[in-house]
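Shared between the two complexes below is subunit A, which pairs with subunit B and subunit C, respectively.
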Partner chain A sequence: MKASSFIKPIMLALLGCSLLAAGILLSISFGAADIRMAEVWNAITNPEPTKEQLIVRTLRLPRALGSALIGASLAVAGALMQAVTRNPLASPQIFGINAGASLVVVGSIVLFPFLSPPALVYFAFAGAALGGGLVYSFGSAGGQSPVKLALAGTAVSLLLAALTEGLVVLHDHQTQTVLFWLAGAVDGVSWSDVHTLLPWSLLGLLVAAGISRSMTLLGLGDDVAHGLGQRVQRARLLAGVAVILLAGSSVAVAGPIGFIGLVIPHIVRRMVGSDYRMVIPFAALFGAVLLVYADLASRYISYPFESPVGIVTAALGAPFFLYLIHKGRMASQ
Partner chain B sequence: MRLSKAFILLLSVMFLGITVLTGCSSRTTGGTETAGTSTEQPQTTRTVKHELEEITITGTPSRIVVLEFSFIDALASLGISPVGIADDNDPSLIIPEVKQKIGTYTSVGSRYETNLELISSLQPDLIIADLSRHKEIYDKLTKIAPTIVVKSLGADYKSNLEAFPVIAEAVGASDKAKQLISDHQKRMEELKKRIPADEKRTVLPAVASSTGFFAHTNAAYAGSLLEQLGYKDAIQGTEAYPKVTLEQLVTADPDILFIMKSGDKTVIDEWKSNPLWTNLKAVKNGQIHYVERNAWSLSRGLIAAETIADQALQLLYSGSK
Partner chain C sequence: MKKRFLLFGALILLIAVSSVISTGVGAVFISPADVLHASFGSGKSQHLFIIQEYRLPRVVLSILVGAGLAVAGTVLQGIIRNPLASPDIIGITKGAGLTAVIVILLFPKSPVGTLPWAALAGGLAAALLLYLLSYRGGMKPITMALSGIAIGALFSAGIQYMTVRYAADANTALLWLAGSLWGRGWNHVLTLLPWVVLLLPLIWLYASKLDTLNLGDDVAQGLGVPVTRTRMILFFLAVGLTAACVSVAGSIGFLGLVAPHIARRLVGPVHSLNLPLSALLGSLLLLLADGIGRILLIPKEVPAGIIIAVIGAPYFLYLLRREYRSG
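Our next item is the complex of A and B:
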């Protein structure tokens, strides 16, 4: 009996890993330059400094790995937020984290154009904390409810996005190129971006894994969690820190890519249940899968030119968002 | 849009502006009429067909507001100074070749977010607007003054040249424009003769900023102008300024790169450390030329065209490099 309960997760893990491996392989095989499969394989196994191999190794590989990392980060950030707020609509995008990070990043690009991505990360953290903090304080004033949090999130996100747009409009001729980034894009992710991203993502993912048991208990309600002797506040605080690290570093590198943090946790919970010791790693895995494939699709929207990957995740995620709201309404009736 | 509040505010301000202005403009027309009947010249009336409709313009407009840089170039060529310019509040964006031909003007702010109140406060008798940026506010602009709309943003060399006679017609300088265009074409032919007959190299003008590398294709102004001279743009397409990755740049591998830097820090700083960049034909052959974005992308007109062509030939054949 015990053995059979392991079969499903193992199968799922195998499925996720092979999907991810296939996705990364496809991602480094297809793009603007026409490169033969044999050459792609050589680039990894038998490196030589040819043009084709360099494209694979220095451009496509960091882009694929960066997408995987960002997808994993956003999905786990969303899972943590849904657990802490017990709100099915919680995600970095809807709760103002992405919007806050974007505002501060765009603001710092306008004010300090000499900053490079490793430094922008800290601004993104500050912005993510600002956005999330605003939403949480507005949404929790006078007793928390899922609807209030979602409304506060929408209002704050819109305000922050309006300010960001204002910055872009006022600095039109300098920041018109920022618009592409604002839709969420991974086309320019380089090895140095991966290096920028990696420590923060890993730290965030480790923290998330560390508090996964507490997240499960939070899901049962504060009273139960208290009763079980959980230090609720500490787990919440750690979850908040992890969300800021995960979403902030993602936004600093790739802009505010939406909907992954919303969609993936739901799909994963449907597959593995609501034990967060399972939800967190699977959210990371399938978040990575989703963004790698979305990035692949985005290359073909206006081929050979790039389109922001955010368009693809929005196209997938927006209908899902409506479905969640619809389902919520049915349940409350 | 998320700027709806600001927009409503703008609308109400504009409404106020229009109310004030309708009073003003009727007064001005009255004034010109009396001037026309009492003195030597009768007022001529012309119909001008622009991108959106045909309008009638009476007399010679003297208070012209322009909402794109290419229109300053056009007016400067005709020896006319606009009273108001949407210069994004940065006069340094107007290239010196154009600036020396126009007098002092009032900035009417951003090209993107048109400030109708400022425009109407200048009491213009003609507004020149851009098809892609200002089509939606055409009705509001016509309430301030007669407005012509022509192609500017994202327009190529040919459309820009076609817009010139329309602007000239509106300001009553058609004959002069014909002369200027024929002079310009002669000048371009002369420049073309300086290019070796066996020139087969591909070119790519591009804007590099901190967020990306934006190719100017054969649909963009600089790209189409260079094609007019006989070069081939390395990136072809219908989009004027698509964002390209290093992968695409390597695939296109242009022989000559004209780079317009936007900001001190650009993606090139990062690309430079990649062997793919150093192996680009343009890099290997020392054919990376940094040029002024204001002249090569923003100005777009007869003056700018000759400036771009002069600079390109200077950079490519002066032999000093």
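Our next item is the complex of A and C:
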């Protein structure tokens, strides 16, 4: 590699990191109660039991860090899925993974209300695997095509969402909590949620980083990848496991937040090319950036009330999805 | 020909029988004989009230909504020339849903009659967006289907915002969104009736044009059919029908997909036949779904839309598989 080819990634990394740091600081400082930056700094360096510092330490900080973690997880999950399926529309949402995890989580909240988030994660994994498996098996039989996958994903998601709605309607005592959660929300993320999320996200991200070379080669086609000494099936399986860990744990904590897994990998690939050793870390970075800022924006939709962040990501992501379609690459396939 | 008469006759008979049975089932069971007596104004008085005020309007609504959604689905599949198109997959139901939810939550005191117009506005907005987005690409089926999915996502974000923001009343909206006939009365029937009575025959008049469109744009043009205009008129007729149905029954998905398919399998692609047939099938399916939803978990009710989705989604996936296998 020439020296100049390092400059762009380094600049991008610096840009991403400073955006993320600024976003996290803003996210801690702004909201229903605005807190001065100096106070934020004090809360970290010089803890005192004031009201502002309490808000920062127990509410804002875990929320900001949780958002970053979830954004990173979802973006990397999307990148892995797009690599494995060679389908530009693949993402946790289109693939029914969010809907599957939601159904199982809502089901277990309704049926076993005593379960805590750490236990819910396992249910979310099962649901994610269920939704993703269904869409994959129907969307890829008889040859893959982006359109077919999108249609299969939509149908499976509609079905799973109908079942989820049924559960909510039939057990109406917890409607409000469940509804807010179902729209994809990070406002309630606490330290215990971050602790729940952290090991799974890190594990998923590590696996993703570990198989990033294989992901690049998968993009060349199974035969080529095989010829280059890749164990294609193993790489696929590991990618699947990583996706379920990343998306499942995110949904368990914050509900189904859409479109990050679709949008970020596209943007990142445009910036750094299709080498997944670069795509995966940058997807994580910019996924975190996007969700932190989306969360910040969601506080101002109907200020001073909180709105689910999933609404913001959908409002940003759906037009991007349209743009992808109309670029015309997909329509010809 | 005789076979077709038998088919239509059998379906109408089935609908009649299911109507009588469906009127009788629910939290209070009423025997078919009592149902018939009560429907004609005699019989036990306590049943009379339940039947005339609660059960009958639901049965009539099932028939109207089922027919409306099935015909709208047939038309959309015809003009988009994609057997997988239906009002819910391409986002029109969500558009109608959003404006209806806004009316339900922000103006809870507005009369029932305004709901179809609100839903129509939303459905039209979604349809227009879809039309504009896919017009430049020559309304290619694939572009339309995918754009519809994105538009649906956008509108459902709006719906989510409304239900979360006005969470206190969200259960009403949610129940309605799941597609349910619970609590619907004669005023809903009266709201929907003119739409169905007007639009169904109007669409039927276009049956032969739909057949021509099926042959492809060039052939249709050659046969003297103004393709773009016909497609646009039919598109908006279907949207109007969908919106009216959604406004009284909520978003009942997959019905507009499944019924047209079964109809096509039974009588082939001639629209003068399969339009009425899919209307009948849609009515029958919704009648059954509503009846099943009422007795599945007594005393609670499962919304009919959920029952239809559970039946319809696997059928859709099966179709998807077949469609792409045959190329």
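Descriptive notes on the structure:
The rule we apply is simple: the second predicted complex is superposed on the first by the 326 of 333 C-alpha atoms of A that agree within 3 Å, B and C clash if a C-alpha of one lies under 4 Å from a C-alpha of the other, contacts with A are read in each partner's own complex, and residues count from 1 in each chain.
As a convention for this text, contacts are C-beta pairs under 8 Å (C-beta built on N, C-alpha and C of every residue); 3 or more make two chains touch, one makes a residue touch a chain.
None of these values were measured; they are calculated from a predicted model.
Superposition model on subunit A: subunit B and subunit C are shown in a clashing arrangement.
Residue contacts after overlaying the shared chain place A:297 against neither subunit B nor subunit C. Once the two complexes are laid over each other on the shared chain, residue contacts for A:180 go to subunit B and to subunit C alike. Applying the stated contact rule after C-alpha superposition, one finds that A:192 touches subunit B and leaves subunit C untouched. Taking subunit B and subunit C in turn and counting the residues of subunit A each one touches, the greater count comes from C.
Contacts of A:19 after superposition on the shared chain: neither subunit B nor subunit C is touched.
Contacts of A:305 after superposition: both subunit B and subunit C are touched. Once the two complexes are laid over each other on the shared chain, residue contacts for A:158 go to subunit B and to subunit C alike. Contact with subunit B, but none with subunit C, is seen for A:109 once the two complexes are overlaid on the shared chain.
Once the two complexes are laid over each other on the shared chain, residue contacts for A:170 go to subunit B and to subunit C alike. In the overlay built on chain A, none of the stretches 42-50, 114-122, 222-230 or 276-284 of subunit B clash with subunit C except 114-122.
Contacts of subunit A with subunit B, set against its contacts with subunit C after fitting on chain A, overlap at residues 158, 162, 165-166, 169-170, 172, 180, 302, 305.
By the touch criterion given at the top, residues 1-3, 6, 88, 90, 93, 110-113, 207, 209-212, 214, 237, 239, 242-248, 250-251, 262-265, 267, 270, 274-276, 279, 298 of subunit B touch subunit A in their complex. Of all residues in subunit C, those touching subunit A in their complex are 84, 88-89, 133, 136-137, 140, 142-143, 145-147, 149-154, 156-158, 160-161, 163-165, 167, 170-171, 174-175, 177-178, 253-254, 297, 300, 302-303, 305-306, 309-310, 313-314, 316-317, 320-321, 324-325. Residue ranges of subunit A in contact with subunit B, taken from their complex: 31-34, 49, 51, 54-55, 58-60, 109, 113-114, 116, 158, 161-162, 165-166, 169-170, 172-174, 177-178, 180-181, 187-188, 190, 192, 302, 304-306.
By the touch criterion given at the top, residues 89, 138-139, 141-143, 145, 147-148, 150-152, 154-156, 158-159, 162-163, 165-166, 168-170, 172, 175-176, 179-180, 182-183, 258-259, 301-302, 305, 307-308, 310-311, 314-315, 317-319, 321-322, 325-326, 328, 330-331 of subunit A touch subunit C in their complex.
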